[in-house]
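Input: structures, listed below.
The same chain A turns up in both complexes below, where it pairs with chain B and then with chain C.
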Partner chain A sequence: MNNNFTFEGKQKSILLSGIGLGIVCMVLTFFMGDHGAVRFWSNFLHNSVFFTGIAYTALFVIAAFTTAYAGWFIVIKRIWEAISLFLVVGLVLMMVIAVGLWMGYHDLYHWGIHGVADVNSETYDALIAGKSAFLNKGWYTFGTLAIVGSWIFFAQKLRSLSVAEDDYTVGDYGIHKKIKVWTAVFLPIGAFTSSAIIWLWVMSVDSHWYSTLYAWYATASWWVSCLCLTILIILYLKSKNYLQGVTVEHMHDLGKLTFAFSIFWTYLWFSQFMLIWYSNVGEETIYFRERMDNYPVLFWGNLALNFILPFFILMRNDTKRKMGSLAIAALVVLFGHWIDFFLMLKPGILHTQHYLPGNHGEAHHDAGGHEGAGHGAEHVSDAVAGFTMPGLLEIGTFIGFLCLFLFVVYTHISKASLLPKNDPYVEESLHHHS
Partner chain B sequence: MSAVVSKIREPLVTGSKTYHQITEDLVGPTEKTPSVEWIIGFIIALSCLGFGVFSIAWTIWFGIGSWDLNRTIGWGWDITNFVWWVGIGHAGTLISAILLLFRQKWRTGVNRAAEAMTIFAVICAALFPGIHVGRAWVVFFFFPYPNTRGPLWVNFNSPLLWDLFAISTYFTVSLLFWYTGLVPDFATVRDRAKGIRKKLYDVLAFGWTGSAKHWQRWESLSLILAGLATPLVLSVHTIVSFDFATSVIPGWHTTIFPPYFVAGAIFSGFAMVLTLMIITRKILNLQDYITIAHIESMNKVILLTGSMVGVAYLTELFVAWYSGYVYEQFAFYNRALGPYWWSYFGMMTCNVITPQFFWSKKIRRNLNWTFALSIVVNIGMWFERFVIIATTLARDYLPSSWSYYVPTWVEVGIYIGTIGIFFTFYLLFTRIAPVVAIAEIKSILKAGGNQYVGENATHHKEHAH
Partner chain C sequence: MAEFRSQEVLYGLYNDEEILMDAVKVANEKHLEIMEVFTPFPVHGLDPLLGLTESRLHIAGFIYGMIGTLTAFLFMTWVFTSDWPAVFGGKPYWSIPSFIPITFEVTVLFAAIGMVVSFYIVCGLGPGVNNPILDKRITDDKFCLAFQTNGASEEEIETLNKFFNDTNAEEVSTKII
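Presenting the complex of A and B:
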């Protein structure tokens, strides 16, 4: 059994060219000329949030499974460890957004507009002023640094303990006991901080709007994406003759988790939508009104990709045990949740452009005018690539980020054995029957 | 069965049991005359039940005015108790269905009793909607059927009606699931019984012979019911939460309610399972089947769900401030510092703070602590429902309608009555059925018995890989 993955030059060049494609697309997007480079910055935020969150959920699930005495996942644990280490890159990406906020490079957040909390300012907004103790540049920067920084600390701690366990031959499971303590400590920290970070990064693009369920909903979206990426990475590694200890039983379980958590995501989607729709409070329904009117294909497509397709593809026993159907489901759902984050972010960001000085309501229907396509796109019924739907440049940017993500993950995978051979549950995992 | 089990897993069955000993230990309690403790407990439970019946009769005879509800506070102890009982009824199906799907072997020690509790708790819960409408003799109006009352149908748009469907479905599936598990065990009891007892258990066992075909069908039915029951665990309390969250009342209308109600329900359900199992295992000598490891696992579930509920409370508080909506902000200010501050304080202490003691392994494995904290959790979860219902309603939009509510003896009597119903049924259950699922314990013996796994295993595996 070959447990040491070699990250070959050929694989590196493929991924590097993918990253190159992403950079080209981002440069093109930047110079396409929409005012304020809204399209560029929103794509940057969208992909950074998406992949950083996936890394976070990988860390969280290692902690949760370890605390719950799970044995089956040990043979794939190293994949999740590698994914969790992408948090370092994620922090850098999110700091770019934070720096942009300070320097005024972008107007992604309504609350970030200069003077929004100043009663004498042209851009004053009473509601946002009330939230400015939380929604401000300092807290955004500090919160991101402190929270993602603490996640990185735990990710590296757990990784180094896990790798050290490979050479630990004492047989008293001393390192495993340490891992259990660190994972238990991380669980409440991770659970509380992820909510705060989602409010800051994602929910606050619709600065007036709020929903208590939102953070759990976004976390579920990240976690399902993480499962899909895990399935795809494992299938790739298996095709290269690695991970022979990962059998169809483990894939079946990952398929079951994808199936179950797709339904769980839908449950949260439905709960949030139904309660807001039923109560019909204008301040709340505006969130869905905006998306249903201006993003109808994505809005309903979101449900098709993330619920209907995985539900029907993965319901049967055999489709979870056949790698073709499992891979298709994973690809569909991964893309589906990327769309989900597109829908969480873009409409709010575009709407914010109205509030910029000089962009007041009068110019609403002036699509393509001096405010740029982003501003106008919100109000035309046609789909506008990059604004009301992902265009080719968005797909290219996504591929770029995905390749960066995979590059980082494969680099970490290659640095340690694929099998945590001294984990107390490794034999259980190797003989796993679902 | 050649399960590979890690050395650091604790055994799930101790005392180096043989299959025969398991049968003896678990069928035994149904074959002996009841102990003095059981008789005293039964008399107390039956008295409470009797007082409950009296209070319900009082309510029906004198009318709902014998409760202290008023125009501002239209829901009080009745709906608080309803939600509390439904919540308690969640652990059984969670343990039997979700933990079955997740292959958690420790479920076998407690699933039977937890499922029984589910049934009894749902019965207690279902009582309240029936009597709180005031005219108990027309409760059949709840059900949508073509009737002679003209075009008078139930309101399909109302979450209260969805509740009726959700709870009756849940009750049906839980009952089937429980009974399916009981069939092979009733057959075991039957095979040892004589005379009239044998005839009765023969009826209960549906002619089970233990043939391969029977087991095969039993296995598939269990899996199908588990598949059906899993979404039901989530749906029931979700729909109970819709009773509140679909409204436009600040404090009720919040999107986190569905998952947070489910977490709270599992939280209180496990607490009740612990309260009962700690007593049951002692009185029936089940320490080898419900081990300290089982109790520790359940305490971890309590710590997890208690913390989830804590995250939800803080989310609500934060978002109330964040919303910038004065009524929302007032609703939460009023919860914490209004006239019912004591119930909010009780809720926070009992549900969020005290379960944090379970971070300590010593406390998780200590029976006295566990017993005390499980009761604290149940008190806390009762407070939670009271906070949501009474505290919110007490402060209407119009200050002239503001009110305060204390229950009358009738309302308290009905609550005591439901506790009586619950314990009467539970005590009868311990006499009639094996409290621990015999067939399921036997199925995990080789993967969980202390002679096979753990540090002191004597039967070492021959096959090495």
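Presenting the complex of A and C:
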């Protein structure tokens, strides 16, 4: 059994050319000439948030499973450790957004527009002024640094303890006890901080709107994406004759988790939708009005890709145990949740452009007021690539970020043994059957 | 029912699921015909060793669930569109989102009750049924491997006793049930 992954030159060059494709697409998007390079910046934010979140959930999964005394996942623990270390790159990517915010390079956030909390300013917005204690450039930068920084601290702590365990005497569980303490400490911190970071990064693109369920909904999206990517990475490594300890039983459990969390995501999606639909308050319904009117294909396609398909594909026992159907479901759902984040971000960002001084005269006069009433009509109702539909450049950017993500993950996977051989649960994991 | 006429049973009790699983593997190698295995909880990986085929109960459960879905959805559709149309919160009569939670609940209810009833019928369980038990501790902490010995020769009994001895059974007894 070969436990040491070698990151070969051929794999590196394939991933690097993928990153190159992403960079070319981003440069092309930047010089497309749309006002303020909205398309470029929103794509950058979209992919950065998506992959940073996947890295965060990998850390959370390790912490949750370790605290729950789970033993089955030990043979794939090193994959999640490697994924969680992408957080370092994620912090750099999000700091690019934060620097852009200070330098005025982009107008992704309505609250980031100059003078939005100043009564005498032309861009004054009463609602955002009320939220400006939290939604401001300082908090965005500090929150990103502090929160992602603390996640990086935990990810590296768990990783170094886990690697140190490899050289330990068998039967000495001192390191495992330390891992248990650190994961238990991380769970509440991770759970609360991820909500705050989602309010800052994602929900605040619709600056007037808010929803208490939103953070859970976005986290569930990250979680399912993380499971799908894990399945695909494991299947790739297995095809290269690594990870022979991972059997069909482990894949079955990952399939069950993907199935269960797809339903969990749908539950949260629907709960948010139904409460807003039922109470029918204009300030709240604008979120869905906007998406149903201007993004109908994505809005309903989102449900089809992330609920109906995984529900019916993964419901049966044998589809979770056959690697072909499992891989197809994982690919579809991973793409589906990327679309989900597209839908969370793009409409709000495009809407913000109406508030820019000189960009659409009437919008900033009625700040906070009747924007619910037919604002959607101002928008294009046709599909416009890059704005209401992901175009080829968006797909290219996605591939670029995916290759960067995989490059970082494979680099970390190659730095340690694939099997944590001194973990107390390693035998249980190797003999796992469900 | 004919299959419940009295049976002579030779059984061994094991202390741990892993020891029991190893014993089942040995029994399979020696082609001993296992009558039944009793465990206090479901032991993962035992079913394939015993050659049990996958249960079809979940297929029945899916069908019950779909019946539940249709019942709830069509009933609410009939009530709110033709039997007693009423306006709630300014919504249209046929408001699908408000039907979803109840449809979901009725689906779960039909699937759960249907599967329990099917399970009882298939197992022959019901009020007044008294199933003989080999040893009370198999509902607590013992794992039991049982052989039927109706008309078995001395030699065969000897083989079975030796098997229990070799596979570290804690206790071996016989019982007529």
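Criterion: the second predicted complex is superposed on the first by the 415 of 434 C-alpha atoms of A that agree within 3 Å, B and C clash if a C-alpha of one lies under 4 Å from a C-alpha of the other, contacts with A are read in each partner's own complex, and residues count from 1 in each chain.
Everything that follows uses one rule, which is that a residue touches a chain if its C-beta (ideal position, glycine included) is under 8 Å from a C-beta of that chain, and two chains touch if they have at least 3 such contacts.
This is a predicted model, so every value here is computed, not measured.
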Overlay on chain A: chain C relative to chain B, clash or fit: clash
Which superposed partner A:Tyr278 touches (first chain B, second chain C, both, neither): both
Most chain A residues touched (candidates chain B, chain C): B
Touching partner for A:Phe30 - first (chain B), second (chain C), both, neither: neither
Which superposed partner A:Asn317 touches (first chain B, second chain C, both, neither): second
Contacts of A:Leu430 with chain B and chain C, given as first, second, both or neither: first
Contacts of A:Trp139 with chain B and chain C, given as first, second, both or neither: neither
Selected from 5-13, 23-31 or 131-139: the stretch of chain C that, after superposition, runs into chain B: 131-139
Intersection of the chain A residues that touch chain B with those that touch chain C: 274, 278, 434
Touching residues (chain side chain A, partner chain B) in the complex: 67-69, 71, 126-127, 130-131, 134, 173, 176, 184, 188, 191-192, 195, 199, 208, 210-216, 263, 267-268, 271-272, 274-276, 278-279, 281, 283, 424-425, 427-428, 430-431, 434
Residue ranges of chain B touching chain A (in the complex, touch as defined): 3-9, 103, 231, 234, 238, 242, 245-248, 253-259, 300, 307-308, 311-312, 314-316, 319, 322-325, 359, 465
Residue ranges of chain A touching chain C (in the complex, touch as defined): 270, 273-274, 277-278, 280, 315, 317, 433-434
In the complex, chain C residues that touch chain A: 44-45, 54, 58, 62, 89-91, 97-98, 100-101
